[in-house]
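There are two complexes below, and they share chain A, which is joined by chain B in the first and by chain C in the second.
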Partner chain A sequence: MERLEKRGTEGFWQRTAWQGRIFSAYFGQFVKMRLAYRMDFLVDTLAVSFSMVIQMAVLSVLFSKIRALDGWSFEQVLFIYGFSLLPLGMFNLISVNFYGFSDKYIIGGKFDRVLLRPVNSLIQVIFESFNVSGLNEILLGSAVMFYAGTKLGLEFGVLDLAVLMALAPAAALVYTGVFLAITSVSFWHEDKMGLAPPVYNIIRFSRYPMTIYSLPVRVFLTFVLPFAWVAYYPATWFVGDQQLPWLALLTLPVGLVVFSGAVFIWHRGASRYASTGS
Partner chain B sequence: MSELAAQLLTPWHRSASASVGLYFYFIRLAFLKFLAYRVRYYTGVVSYTIFVTGHYYVYSALFASAVAESATGQLGGLSLPEMITYVAISWIGRSFYFNAIARDLARMVQEGEIAVMLIKPFHVQTVMMFEAIGESAFRLLMFTLPIMVVIVPLFHIQSAPDPMIYLWTFVSFCLALVIYSQLNFMLGCLAFAMKNIQGVLRAKMVSMDFLTGVVVPFTFFPEWFQVVMSYLPFQYISYVPVTIYLGKRQGAELQEALLVQLAWAVGLFLLGRLVWRVSVRNVIVQGG
Partner chain C sequence: MSDSLIQVRGLTRDYRLTKKREGVTGGLVDLVRPRREILRAVNDVSFEIPTGEMVGYIGANGAGKSTTLKMLTGILTPTSGEVTVGGLVPWEQRLQYTRHIGAVFGQRTQLWWDLAVVESFRLLQKIYEVEESVYKRQMETFHELLDIGDFLHQPVRKLSLGQRMRCDLAAALLHGPRVLFLDEPTIGLDVVAKENVREFLREIRDRDKVTIILTTHDLADIEQLCKRVIIIDKGQVHFDGDLEDLRVRVGQKVRLTVDLRESVASEVLAETTTGLPVRWETAEGNRHHAEFNRSEVAGGEVIKSLVNGVHVKDLHMAEQPIEEVVRDIYRQQKEPSA
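Moving on to the complex of A and B:
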């Protein structure tokens, strides 16, 4: 116990390194657990690919009737779709415990255990389980993007790659922030309604070019529920008429603001957590 | 021979009317069970409105682009108002026939609860179908009706061309419920052989609305796809009832559609009984 406390309080960098070791141990445990069910990953890969095939079939059927959807070609829409899978995959990878957080951690009292440990409560909850299928989405999304990009004849320079590397995680922060905020609500009151599913269902429509939506919907998706930032705005760096290239880069601050806001709500909620006593 | 007939007609030495009473009791039970969770369905109304709204914009843009390119105003035999009605009725219907039997059955097999079900004097398949009916009765009142109240005025949904069509559409969606529940039941039976069917359930989740025609009407697809789908039961879950509502099937065509639908419902129920018999033979319950 003494050693633990000492290690934890010797300045910021040592403390961070110490936390890093703890969380890699968490991750190691998770990998061991997953390796017991190797078949699941295979089945999951099939399910994700299957879902993509269907999504692409829907797009190609719709585009078989027209040359362009509101001025957007099939390949452009496909590129946005492919891009949207990168942040979605990253988000799915770390968000397993957001679902059913209220049941498992608050009603089930698992959060007591989390608070007893001298490391960040949010990172603990995130690191207790991962959804490996997120990796499938990242890989297959990249493949779709590569295919659509080649068809479009996009010139993909070092700068573009750097932008992609920055915007995809930033967009993932938008997803994570929104769902973390919803999850945090359960610290205040038990979420009997299930707020997450309707919000999750909006995701599939945030993959289309925003120009097909009416102004109120666009404003809503840009400022209220910022899902326009998970696919469309960041993707405009690569496709579209590129009148406002800096708009895509705004994804970065938007992601940071949404995520920090959610982390703030989380810690406010966690501080007023009263155990069920079980 | 007469013993066999007696066994078939009155299994578990129960009179036919007692059997009817027993199975109808499960409708009531399921209805009350879902009534306890009704709050969850309020957000469901929001979800379904989101689906219809999203598709409304996608199809509006699609039709606008088509008009700009060729000026026909019709796509896949549908005008834009018909298309919006198609989307709305599809989702309204889905809010009625939907259930999660496959997941429930898989959970019972995995957790060993199935052992208790097996020693009870009823057919698990029949009980689950009647529970699905009870769930849908609940859905009709607490979910489908509120969704209609929101969606129909919001998107100016077309009324049916003839008052009788409302009745036929409802009958068709009731048959869709039987077809959907039996397909789901057979999928759930896979849990006996596979233990973990999460992947299968996910694949079903992403493909079902596509195969039934909820997402895109079949007339948008190439000819070969439509031919393949006409030999499969999926289109009778949504595409057929919705086209009945739109007045695309009338007279003899309407009768034929409903009869084929009925045949699928009966056929899949019998097939489900067979699949159940085979699956149950090698059930392994761990502890419990």
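Moving on to the complex of A and C:
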């Protein structure tokens, strides 16, 4: 009898390297495709730059009226705002296929194709499209942080840089986890609009110091919809009274837990898809 | 335990459907108490396929063909029953299993819509970890057999249906799968394109001993490719055996349409084919219809005697569609005397 032997790389690191190669192949293709539509690319870049300028203008107008916000100076708030753009950009870069997932993949039947390939279904869905404007947000965020940090006279050591490099991706995991969980609902319900837009709007709350909100809102943003972890808590490592540096570092486990939970829900959904065939 | 590559035992699959009531009030009632119904799409299907066989899996729309294929490819989990392919259970060892199979679902492309064909292949090469030398050799084969060289650098969305199908086939075979699942591989193709696809499938079956299961609506696909057919209707297997056996059991009914130059009485027309097993039906003006069975009489003979007897303006012969073959099989099982 013919037996199908094991094929493909084995071992955790080899498989990770393989997935890395797939990522660069997908990403390379995506960039190539974007460049092929040259006008599109140009208009997109212009639009994103324009919206960044507008956002900056709004902020400076806002703070030309209000010099401080509940004990937080303009520069401190600006720093938190800048920080919030880093994980948001990372999240936006990889989350395009979360939107309209139900339409494209479940109803449109693309998920069948995903299941036919020997790659983790979530990895395939994430890799199949990117949003380059995410890179712009990362750039803008860095610039804003640098400006605010200089104004505040922050001392930025190697440790701080390492913390930044760890906390920004962890915060991105919080975003990704929340929206991944919402996207996974499509496996149970063919929902067109869904929860994503209202939740996306709540992100705005996360860009400001939590202390300006009432207790219920703070509890909600910390434990229920954990957007407090995408900017405020991690940024307290750098600005504010710095009484609780461990709180900032807590972003790391929070990000991992939220994301792992969402991945678990995703795979439950994917196996449900296989068992309902809807 | 037998040693066939593909073993399917008691495969069953239910779908749970929610039936919608009519009107606004119906919608409200649905909200509170949905009407659920269970539809058995595949019912206790069993078969075995040895390495290198090409099997036609046929049945009418909604007979359960695609559902079976989805279970065999690991996309769908069955309600009950077992499937092993080369010792693997498709839906349980999906990531390992999919490295060994290729699939083409005729209606949808597996390729990336916006990418040039060759870029899609390169991506698949990385995904399936196909070595460069193997990749080159495979591409040469595809050039030679499928003639895809001309549009390799065009985006998939700009290809014609026939071109796309050839690319899809190539993509499904790039990683050297041992089993190939084809769902309507010739649907919507013109005669030349169909012939190309069939030629290619014959080639890879004979050369690489790839085991192939294909569903189709086109009897010619089956006739030219498969020795063995499995007929499924309402989720159950109604026939599993040689194509020759199928012919013996149902014959090959042909429907003949004849346009005459002048009005001729039906009896006169029927007289021309006296002695031949041809059944004439009622006429519509100068257009007449007849049915005969190719296993009893050759088409040429019928036409010869017809043309000798009356002035034929035009004639047309049509094979019995697959749905009718299936219906005949079904009927035979209900009335074993037939």
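The definition used in the following text is that the second predicted complex is superposed on the first by the 243 of 278 C-alpha atoms of A that agree within 3 Å, B and C clash if a C-alpha of one lies under 4 Å from a C-alpha of the other, contacts with A are read in each partner's own complex, and residues count from 1 in each chain.
Here, a contact is a pair of C-beta atoms (placed from the backbone, for glycine too) under 8 Å apart; a residue touches a chain by one contact, two chains touch by 3 or more.
The shown structure was predicted, so the numbers you read here are calculated from the model rather than taken from an experiment.
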### Message
Quick check on the superposed pair: does A:P197 touch chain B, chain C, both, or neither? Answer first, second, both or neither.
### Response
first
### Message
After the superposition on A, what does A:Y213 contact: first (chain B), second (chain C), both or neither?
### Response
first
### Query
Touch check for A:A47: first (chain B), second (chain C), both, or neither?
first
### Task
Applying the touch criterion given at the start, work out whether A:A68 contacts chain B, chain C, both or neither, answering first, second, both or neither.
first
### Query
After superposition on the shared chain, which partner residues are touched by A:L116: those of chain B (first), chain C (second), both, or neither?
second
### Message
Tell me the contact category for A:K32 with respect to chain B and chain C: first, second, both or neither.
### Response
second
### Query
Common interface residues of chain A with chain B and chain C?
none
### Task
Within their complex, state which residues of chain A touch chain C.
1-4, 6-9, 18, 21-22, 25-26, 29, 32-33, 109, 112-113, 115-120, 128, 271, 274-277
### In the complex with chain A, residue positions of chain B that touch it
39-40, 42-44, 46-47, 50-51, 53-54, 57-58, 60-62, 64-66, 69, 75-76, 196, 198-200, 202-203, 206-207, 210, 215-216, 220-222
### Query
Which part of chain A faces chain B closely enough to touch in the complex?
37, 39-40, 43-44, 46-47, 50-51, 54, 57-58, 61-62, 64-70, 192-195, 197-198, 201-202, 204-205, 208, 212-214, 217
#### Entry: chain A partner contacts - residues on chain C that touch it in the complex
3-5, 13, 15-16, 51, 67, 70, 73-77, 85-88, 91, 94-101, 103, 105, 108, 110, 112, 114-115, 119, 122-123, 126-129, 178
